[in-house]
Each structure stands twice: as C-alpha cells, then as structure tokens.
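Common to both upcoming complexes is chain A, partnered first by chain B, then by chain C.
Now for the complex of A and B:
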C-alpha cells in the first residue's frame, strides 16, 4: 500500500511536467488548430538557455526571467514568421510546419549546444521529506508547486484578463472577433508566446530529473500529446487533468505491469491516444463538433 | 490540340529518359553507387506510398517510417529465423505491412487531420523500443545481418547490379499500378475523400472502406520498400527506423511534390543523398543534425513558395517555357 502510494506521488510529480506541456499544446491548438510537435523542443531550448546562463555564473533568480522572456519572444516570432503564412491552410500544411519546427529546432539545439548531457540543479534543493513512509524530495514539491501556480495563473488569465478574453474570442469565432476590433493575428502570436512560457516552465521543472540534453523532452512531449488527447485538445482543464492522470498511469504501469518499464513506458501514452481518439475523438473534457455537409 | 499535348509529351519523354538512365546506370557506375541506387529505388517506394496516402487521400501520416521498418523486420525475421527464400519473405512482409496499415488506419475512421498525424507519429516513435524489447526475434539493439542476395546462375551480373535491377522493376510496377489506379474512378473517389469527406459520403463513396484500404495499401507499399531496402543494405537495426526517418520520408514527399509520382522519386533522392552530401561537407559528428535543419528549411521553403513541390515547380516552369501549352488539372485545390 505504501509502495502504491509512493508510485502515485512519483507519478503526480512527473505528471506535472506532462500537464504543463499539455497545457501549452492546448493553448496553441485553440488559437490556430495546429498541434505543435515542437513544443518539447522549445522547452528544451529554454532548459539549455537556463543551463548556459547558470554556467556563466548568473544566479537563478536573474536567469529565469530572461529565459521566460526569451521563450515568449521565440514563440511569438515563430508564429509571426513561420506559422502565419499557412494559417487556415490544409492539414498537410499545418503538419508540415509543425514537422519542420520539430526537425529544425531539434537539429539546431544539437548544433549549438552539442550532444553532451548536462545537469542543471533545481532551485528547490534535493532534501527528502517524508510523510509517514512516503518520501517526497523538495525538488518534486517545488516543481509541482511551480506548475500548479503557472496553471492557476493561466486559468485566471483566460478568465479575467482583457487579453485572455480576447484570445478566447478569437479561438471561438475569429470573424466575429474581428468585428469587435480584435486583431486575431496578434492574439495568436500572444497565444504562442504564452504557450512557449508555459512549456519553458515544464522544461525547467523537468531538467533536474532528466538532465539537459537534446532528447530530454521527447518522452514528456508524447505524454503531453496523450494528455491533451485524453482531455480533448481544446480543453485546458482536460489537458492538465490528463497530464496528471498519465503521470500516475505510467508510473503504475511501469511498476506493476512486467516489461513495461524503460523505453516501453511509451506504449502507455500510445495506448491512451489510440483508445481515446478511437472511442471518444473529442476527448473526455470537451464537446465534439457537428459536421454539416 | 497539338500545343496542349506538349506537356504530356514532354513528361513522357522525361519518364522515358529517366528509365533509360536507370537501366543503364548499374553497368556504368561502381558497385557502391549501385548499392546507393538500390537504396534510392526502395526509399522511393516508401515516399510513393506517402504520396498515395497523404497526397491523394488527404490523410497525413507523420510516421510512415514505422511501416518501412515493419516490412524490413518482417522480411529479416522470415529470412533469418524461418529460412524462407527472399522473394517469398518479401511478399509475406508486404502482406504483414498491409495488415499493419489496416490497423493503423482504424483511427482514421473516427478522426482526420492533425490528430491522425499525431497517432502515426507516436506509432513511429514506438517501433524501435518495441523491436529492442523482443530481442529474441529481432536481434535487439544490435539488429541482425541479412545474407546477400545472390545472382541466379546464368546471369552475368554482380549481386548489387542484379538486386538493384530487381528493385527498379518492382518500383516501376508500383508506380505504374498507383498511377493507373489513381487516374480512374478510385482516384476521383480519393480526391473527393480528401477535399470534401462529407460530400464524398453523400455521393456514394464508401469513405470508411476507402480510408482503411488506402491506409493498408500505403502501409503495404512502404513495407515492400522497407523489405527490399533491408535486403539491399543487408541488415536491420532499430536505429534505421527512428521517427526521424518518418519525418524524412514526409519531407521527401512534400519537397518532391505530395501529389506527384515523379515527386516521389525526387523526394527519395533527397532522403538518400542529402545526408551524404551534408556529412561530406560538415563532417560525420553533426551531420544528422545539420541534415534535420536543412530538411526543415527545405520544407518551409517548399511550403511557402512551391506548395506542389519540386515536381510541380518543374511542370509549371515547363508550361512557361513552352508557349501555348496549358496545364491540365495538376493544380491542387487547397482545403479551407
């Protein structure tokens, strides 16, 4: 029982990373109907930037704002320059841009920073705390708290802030939004910037556990896609719940189903994506759309 | 009418010239180059299968390397473990890939578009760890060697030359079959499925059956290419079938021309030779990463400047050059 509980706690801790990345994916999907295959790579860029600044002797509190601001700019620039031209184009065009971003950023990260893995200490230390017989590290707790704060902030942003409401208006009906004086282009760029920051948080929280290397976000990305599929690509709450659920599910499957550990843990998100999209294509948390001929 | 026939005639001439070059080439260049050509022909089958699936039926696959790998491993296992002669193994591997295609096509009945691309991408990511997991059958992460294909007695050709000509013949057969099928009623049904799925259904196109079948057929052709490719390079290792291979295949198809059979050949040239060229110019250690960057740039350039790919660009240039010639139905309609 204790071990089960420990696995659940570990699962929730990794699930936080998946949830943040899934949230980023869902924010971009709502904006322009594009699944950003490069969300993980953008987070990797953020993690590497944090590592570089750390190596230059910057203190963490000074480095992080720079990294997050840089992520926001990168997100907005990618949207403005590369994604804008295919807005509203065919699915193939969207997939092509997404694929190009994945290949390009992944390649550039390695060209710039090399393939050697680095380690980045988290700001929360590595003290082990125990409640009963369940152990949690301060990094796990701090990481989870960071992610939860970011999610709450994103939720409040979309619920109460002016820009957040405008972004929602654009995602629901871009044409009407234009009539209200909203510029959809700017809102979509803002969406990419926001998603890039949320993704950067995911990379930053994941880095102490995964290390900083070009493949660090590959598994989290697939988990995040599975999470977003589970919750429905258009649902932010769904993405977060899906991420946490997948974290727990994967931890339990790796522990209790023989042969499902290591790389094969990936079959869990695959199974989830496959089943959800087959049985309930619009996910658990959002409503499907009717098609008219 | 004479001017309108110019472009088809120019096209026919180009195909004929290409066929002559392809048949003469193995007698002119050395065996290593012939080996590279066999990689080219087999990769072209995989790219062509993507042209069928994505270009014609509009179902985007970002994971076609998985079928390429399934075909390769099926053939390797049948040859090495079951001791079957290679032609039988290749036929069976094609069948296995057909079934894998059908299975992967199941979600296409419920979802289309970018979520489908996602499923196929995950499939491709999953193949290498699966292969390593079942190492008793597949040789694990070190893979397994395949015996070289021997030239049948009485034919005066080296093994490489003979096998290249085999793959060339298979590729020609595949392309003729695909072009013929897509030209007729099936092609029109596929186009309807791609552009207006709901309208296609109301017009009596069996959309579910067609989606599934085209996935199966595409998987089979990619698997056939993979099986022959494994025989050409005489080994199978999981590292040859990572998801970047799938993205390379998609890049090849888009850059060549997603709705063009000639584009499949052009795309395969990129997939096979570009890493080589880049490795020669920047050295081995970073070659694969620079290749990715170049793929990305090419993809974006083609997407923005020549959405029909290099093959489409060629046709357009030819139309400009030949006065009075008109394009016939090669302009793709874009989905809104």
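Now for the complex of A and C:
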C-alpha cells in the first residue's frame, strides 16, 4: 500500500507538468482553434532563459518574473506575426504553421544555446519530506504547488476578469464580439501570451528533473497532447485532470506491469486514452466539436 | 442634428457581385426607422455596413463623425449597438456573462451606471433575472432575443441596429418584442434602425421606413406612406403583382 501511495505521489508530481502543458494547449486551442505543437519548445525556451539568467548569477526568484514576462511576449509575438496571418485558413495550413513553429523554435534553441545538456537547480531545494513512509522531495512539492497555483489563477482569470471574459467571447463568436467593442486579434494574442506563461511554468518545474536540453519537453508535450485529448481539447479542467491522470497511470504502469519500464510505460496511458475516446470522442470533459488542427 | 445618422451612396459587394447599389438613409435622433423588403433585399448588409462588419464604400456619418475608416469595435465604442440576425449571443457563456460583456462595451462616461442599468434592464426583461447563471444557449429563441437586446443596451448605444428580430419567434412573442421597441427608444434615448421582413409589424412601430429591393431604395417616407405605397407591395410581390 505504501509503495502504491508513493507511486501515486510520484505520478502526480510528473502529472503536474503534463497538466500545465495541456492547459496551455487547451487555452490556445479554445482561443484560436489551433493545436500548438510548439508549446513544448516555447517551454524549453523559458527553461533555457532561466538557466542563462542563473548562469549570470541572477537569483532564481528574480529571474523567474523576467522569464515569464519574456514567455508572454514570445507568445504574443508568435500569434501576431505567424498565426494571425493564417487565421481562418484550412486545417492543413494550421497544422503546417504549428509544425513549422515546433521545428523553427527547436532550431533556434539549438543555435542560441547548443545541444549540450545543462542542469538547473530548482528553487525549492532537494530536501526529502516524509509523511509516514511516503517520501516527497521539496522540489516535487514546490513544483506541484506552483503548477496548482498557476492553474487556479488561470481558472480565476477566466472566471472573473474582464479580459478573460472577452477571450471566452472571442473563442465562441468572434463576429459578435466585435459588435461589443472587442478586438479578437488582441484577445487571441493575450491567449497565446497566457498559454506561453503557463507552458513556461511547466518547463521551469520540469527542468530540475529532466535537465535543460533541446529535447527536454518532447515527452511532456506528447503526454500533454494525450492529456488534452483525454480531457477534451475544449476543456481546461479536462486538460488538467487528464494530465494528472496520465502522470499517475504512467507511474503505476512502470512500477506494476512487468516489462513496462522506461518509455514503454507510456503505451499504457495511450491505451487507456484510446478506450476512453472510443466511448467519448470529444474527451471526458468537452462538449465541443471535433479538433480542427 | 445631434444623434443623427446619415448614410449616403452605400455600396457593398460579396465577391464580385454588387449587393448594395448606392443606398442612402437619414435617421434623426430618437426616430425608429424601419428597413423593409424581402429576403435578399440588402437589409442585413446595409446594417452590417454601418457597424463596419462588411466592407462598403460610400459615406456614413454617425452624429457627424465619419465612420468609414473605423473598424467594427471602434464603431461599437462610438455608440452604435448592433443586434445581429440570429441574435449573436455567446451560447456557452451564462446569461450574466453575456450581460457583463454588454456593460464592458460602453464608453467610460457610463461606467458608473453599470449596476443601475442592469437593474433597469432586468426589470424590463424579468425572465433574464431568473436565468442569470444559465448558459445563453439553453434559452428559448424569444429569451435569447431579449438577451441580445439587453446586452446591446448595456453598452449604452445612441444608435441601435436590430436585424430580423422576429426570426424564429412565435407570433405572440414577436408582437411583445415589437411593442417593446417604442418603450426602449424613449427609456434609453435611442435612434433605432429596424431591419425586418415582416413589414406590417415593423411599420406599426416605426416613424419612417425605407423600402429596399435587390439592393436599392425603391421608396421612403413616413411609416403610413410606406404602408400604403405600391413600392412596398412590389418589393414583396414583384412589380406585376403590385400593379
């Protein structure tokens, strides 16, 4: 039983990263109808930025606001320069732009920072904390708390803020939104900026475990897409629940199914998703239509 | 005159097809002007031209301000409310959120009155108060039309463009709705442009009317003059039948 609890805790810790990235994907999908394949690469840029500032001697708590602000600007600039020109284009065009972003940002990361892996110490330390016989590190706990706070903040933002409400209006009916004085382009840019910040948090939380390298977010991105599909691309809550569930499922599969260590364990959650989507094609939480791109 | 709306030589195209051929209209402050004509006459395009949601050429002066070069959000903030055909509510947002979006559309000078305006509107449309937390998409057609009107009014427009409000509504609901336009005009100090296929109903509430047929104005005058005009019959029935 203790072993099981330990695996669940470990899974939730990893799942927080998937959930944050899935939330970012969901925010952009809801706002712009595009699946952002580059979400992981944008998070990688944030992780490298944090590493660079750390290497320059910046205290982590001073570096993070700068990293998150930079991520927001990057997200808004990508929307304005690369996504808005193809707004309303065919599914294939959107997939192409999204894929080009993935490859382009990955290439840019390699050019700017090289391919050598780096380590980035988390700001929460590595102290082991025990509750009974279940152990959790301060980094795991701090990372999970950070992600949960960000998720709650995003939820409150969409629930109570004027900008969040305008963003929801644009995502549902942009033609009507303009009649209420709302500029859809600005709202979509704000959505990309917000998603970039949420993704940056995922990169920042993942970095101490994965190390900082150009491929650090590839598995989390794959899992985040799976999480969003499981929860429903149109549902932010679904994305978060899906991410946490996949983290736990992967950890349990790796521990309890013989021969399913390492990357092979990833096949189990995907099998579960396949079954769920057979029964609910739009995911567990979404009422929306089929995915556009 | 303050609050007047002047449209001159408005032309619009869908692709290469010209659908408005130099339409003009003047609405004085406080008037209800009906745009009548059959399906395809250009009523919706005319209203969308004023709210700048379709590209047009010609001249549009809103209280003396030339809005030709403004975009739709800027025109909305200038005080032009538009209740589009199909209502344009946000179906997954609650009724309360839809109304909040209306309040956000207003200019700064009306911000202090948001709460009082909402209370007034909920007195005018009491059914909305019961459904504030319900998704707008769950309302009936008539309730959605009330929501769309209330949302537009919360933006404190000076000019209100209403497109086919009777579409999909039961006759009794339509009658109630049209009776409300006169009340709304006086309570909210509105100038209303009402595009409606149901000429009889709209001429009952309008001061003046414009008959549109295939993108051209064929007659305009007082509501009574238009109601008696052969051009109105021609617009709906064709020239031969009218004769």
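Everything below uses one rule, namely that the second predicted complex is superposed on the first by the 276 of 293 C-alpha atoms of A that agree within 3 Å, B and C clash if a C-alpha of one lies under 4 Å from a C-alpha of the other, contacts with A are read in each partner's own complex, and residues count from 1 in each chain.
Following the convention adopted for this analysis, a contact is a pair of C-beta atoms (placed from the backbone, for glycine too) under 8 Å apart; a residue touches a chain by one contact, two chains touch by 3 or more.
Quick caveat, the model's predicted, so the values are computed rather than measured.
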item: Contacts of A:277 with chain B and chain C, given as first, second, both or neither; value: first
item: Partner chain in contact with A:166 - chain B first, chain C second, else both or neither; value: second
item: Touched partner set for A:60, first chain B, second chain C, both or neither; value: neither
item: Partner with the higher number of touched chain A residues, chain C or chain B; value: B
item: Touched partner set for A:89, first chain B, second chain C, both or neither; value: first
item: Partner chain in contact with A:178 - chain B first, chain C second, else both or neither; value: second
item: Common interface residues of chain A - those touching chain B in one complex and chain C in the other; value: none
item: Complex interface listing, chain A residues touching chain C; value: 162, 165-166, 168-169, 172-173, 175-183, 287
item: Sites on chain B touched by chain A in the complex; value: 54, 58, 60, 62, 106-107, 110-115, 117-119, 121-123, 125-126, 128-130, 132-133, 198-199, 202, 244, 247, 250-251, 254, 258, 286, 289-293, 295-297, 299-300, 303-304, 307, 334-336
item: Residues of chain C defined as touching chain A within the complex; value: 51, 53, 71-74, 76-77, 81-82, 84, 88-93, 97, 100-102, 104-105, 151-152, 155
item: Chain B-touching residues of chain A, taken from the complex the two chains share; value: 33-35, 37, 82, 85-86, 88-108, 110-111, 218, 222, 225-226, 229, 233, 259, 262-264, 266-267, 269-270, 273-274, 277-279, 281, 291-293
